[in-house]
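Two complexes are shown next, each including chain A; its partner changes from chain B in the first to chain C in the second.
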Partner chain A sequence: MTVATDEIPLDQPARDALAELLLTVADDEFVIGFWDSEWTGIAPMLEEDVATSSIAQDEIGHARALYEVLATLTDDDADRIAFGRDMDGYRHAAMLNHARGDWAFSVARRWLYETADAVRLTALARSTHEPLAQLAGKMRREETYHRMHADAWLRRLADGPPDVQARFAESLAALWPDAQEVFAPLAGDEELQRHGLLPEPMRALHATWQAEVRPVLAPIVGDLPTIAPTTDGRTRRTGDFRWLHGQFTLVSGSEVGATW
Partner chain B sequence: MVSIVGAATRNERVWAALAEIPDPEIPAISVVDLGVIGDVSVTEELVHVELLPTFVGCPAIDVMRQQIGKRLTELGVADRVEVKVSFATPWTSERISAAGRERLRLSGFAPPVISAVDGLEELAVLPIAECPYCGSRSTTLDNPFGPTLCRAIYHCANCRQPFEQFKRI
Partner chain C sequence: MVAVVRSGQSRSTLHDMSSHGERVERVWEVFRQEDEGDPMIHSGNVNAPDEELAIHYAREFYGRRGESHRLWIVPRESVLELDDPDLLKPPLDRSHKKPGGYIIKHKLEAAKARAGEGST
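Let's turn to the complex of A and B:
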């Protein structure tokens, strides 16, 4: 294997900015993966039990790989990062704080997340940090299947009977403000730009995403307000997430340092 | 001269050993035919194997890494064995060998569709799989997600059998 060793080593501010970026993307994938896994066994139909479980497994796998890139950068341990933080240490977007809700809510969140994630991954695949760019390139291929699935369900609920349409539109509108936070400004945004670690600023990615999703959402939910992502968009936490955090740290917390 | 011959032999022995390691999830196919082996370098000191996951979250990767490490250590061609997971070359379904595709089919899995188009979007409108039992293309996609990350579920209208396809990625 050839490893690029002629890279200019990053200075500390750039490393901190990259670590923050990696943590936000990894936490997003990790948390949505755990929420989706809640549907295993109780999705509206058997096909969806399989699909949602498979997608959840993909997302948690992506999170693991991203935590490993981060652990290499910060000389840490991926498992420690994933399971060893208290709930205030997570940096997922506010949209992912909420419990899975009903099926309409889960589909709405998945579609909003998949579309936002696709915009972000396209940028990450051009990152100057090779391990991140390579991983993002691979993840994009898998996410194509997630997008197909999310698009199919969006159409199915949007074209459903009036009560289905209403519940779906309600979920989309309720999630809309927190969905912007996938593009919440990062403390290290300028450093990331300077080194090409994230080739476009978060506000540009936010604009790209808006231009893509608004025309699709308008016929379903009407005009949605323009909301700028906020600086605490990745630090606000809810009771729902407290519960989920308790769930996913239950095994690792019961015997710290155990292996099998 | 002796050392060059030695190196060539070591390299062949490593590849022969790898060709005997089965995929933990579909044991009919070896890790070599599956195309998950990337660069391999062999010296007296070190055997280095690059492992390319089919899917990023594939839980079989750790098992593969252990099996490859164990087998190559037993082979004793070098002082040290190193198996590294890498995304530098993304695994795509085109990496499955012709022999591997045939073995998949014989064990009841449709091999992934080979398409001239680089992109996955066309799958949304025209998902094709050839039934591994009767060869018919009168098949329908039941679910693009299956029992493992890399498999999709189809149904054959001709022989009326459900079957799985190794997903195109």
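Let's turn to the complex of A and C:
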């Protein structure tokens, strides 16, 4: 990757806002990647096991690329950002606080997340921060496949036997409030707008996503409540995430600063 | 004698169900092409209940590392199989169908020599 096209270097408030944005997207990808990797070895069938694990790996790969863009901006280290924070330092959306649950729950979350992520990536691909715009463009190509896979499973569970339909609808309804938090307002929203770092405000992206997913979800789960994203949508934490954080920092924490 | 056997039923629908309403897994044979113009080579197979997931799983097993230019995914029951030894390995001498008895080496050398003379 070469030079950014920004001719005027960003001032500190803009850099802070961009860093916050990058961290939220990276943490979302990182945490969903770890949760979905919890299916490795126990997915419904061997082929699905490989597919789910591969998609989880893709998400971790996206997180890594985003952490690297962030590390370049803040003169930090991608591994340190990924593994060197205590659990209160993470900024993933509240939907990703929950353990993987059963297969219906994981499919429901993947579908809600993939659809939201697609809306966000479309905006990020037009960011004035060139490294982010380029990366978002590449990520969108991989996410196309993730979206197809999530759509395939949505239809299978939605058209499944009555008990499958019921469990799937329950999971969608349970996740719905926290799913809004992918679009939780950022402290630096105005700075991001001013510099075109995020070309549309979070509330506009939220509206786009709602318009897309509601018609698909209505036949499966009925009318879902209108819930606005909240200011603590990316800072609330749970016991489930405490456990996951302990898991994914286990190796890096066992010998801080080690290389291999 | 009929040597060509077509096993299985007709092509798939999106949701294959058994008579008990359960999802039925089917076997799909996967062929991959490494680069445009290369031959399609049989790579193996995947289990999947329908065409859509068969494509996803074939992609994961035979294309997720960027190693494939193109995949063909074929329901196993659509493959025509011929393995009748009367047709493939008949007992009588077949040597007259092979080029082994025809020594081309000297003719080739002579042709090369002629071509060489022509160009100088």
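Keep in mind that, in the parts below, the second predicted complex is superposed on the first by the 255 of 260 C-alpha atoms of A that agree within 3 Å, B and C clash if a C-alpha of one lies under 4 Å from a C-alpha of the other, contacts with A are read in each partner's own complex, and residues count from 1 in each chain.
Keep this in mind: a contact is a pair of C-beta atoms (placed from the backbone, for glycine too) under 8 Å apart; a residue touches a chain by one contact, two chains touch by 3 or more.
The shown structure was predicted, so the numbers you read here are calculated from the model rather than taken from an experiment.
Q: Identify whether chain B and chain C fit side by side or clash on chain A in the overlaid structures.
A: Verdict on chain A: clash between chain B and chain C.
Q: Touch check for A:A65: first (chain B), second (chain C), both, or neither?
A: first
Q: State whether A:D163 touches chain B only (first), chain C only (second), both chains, or neither.
A: The answer is neither, since A:D163 touches no partner chain.
Q: What is the contact status of A:D88 with respect to chain B (first) and chain C (second): first, second, both, or neither?
A: The answer is neither, since A:D88 touches no partner chain.
Q: Under the stated touch criterion, name the partner, chain B or chain C, that contacts more residues in chain A.
A: B
Q: Just checking: does A:E255 make contact with chain B only, chain C only, both, or neither of them? Give me first, second, both or neither.
A: After superposition on chain A, A:E255 lies in contact with neither partner.
Q: With the two structures laid over each other on chain A, which partner does A:L135 touch: chain B (first), chain C (second), both, or neither?
A: The answer is first: A:L135 touches chain B but not chain C.
Q: Which partner chains sit in contact with A:D75 here, chain B, chain C, both or neither? Use first/second/both/neither.
A: It touches nothing on chain B or chain C.
Q: Could you say whether A:T144 touches chain B, chain C, both of them, or neither, answering first, second, both or neither?
A: In the superposition, A:T144 contacts chain B only.
Q: Quick check on the output: what are the common chain A residues between the chain B footprint and the chain C footprint?
A: Dual-contact residues (chain A): 47, 50-51, 54, 145, 148-149.
Q: What does chain A use to touch chain B in their complex?
A: 1-2, 47, 50-51, 53-55, 57-62, 64-65, 130-131, 134-135, 137-139, 141-142, 144-145, 148-149, 151
Q: Which part of chain B faces chain A closely enough to touch in the complex?
A: It is residues 38-39, 41, 48, 50, 53, 55-59, 84, 86-88, 90-92, 120-121, 123-124, 142-147, 149, 153, 167, 169 of chain B that touch chain A.
Q: Quick check on the complex: what are the chain A residues that touch chain C?
A: Going through chain A, the ones touching chain C are 45-48, 50-51, 54, 145, 148-149, 152, 159, 161.
Q: Touching residues of chain C toward chain A in the complex: what are they?
A: It is residues 15, 21, 25, 46-48, 52-53, 56-57, 59-61, 64 of chain C that touch chain A.
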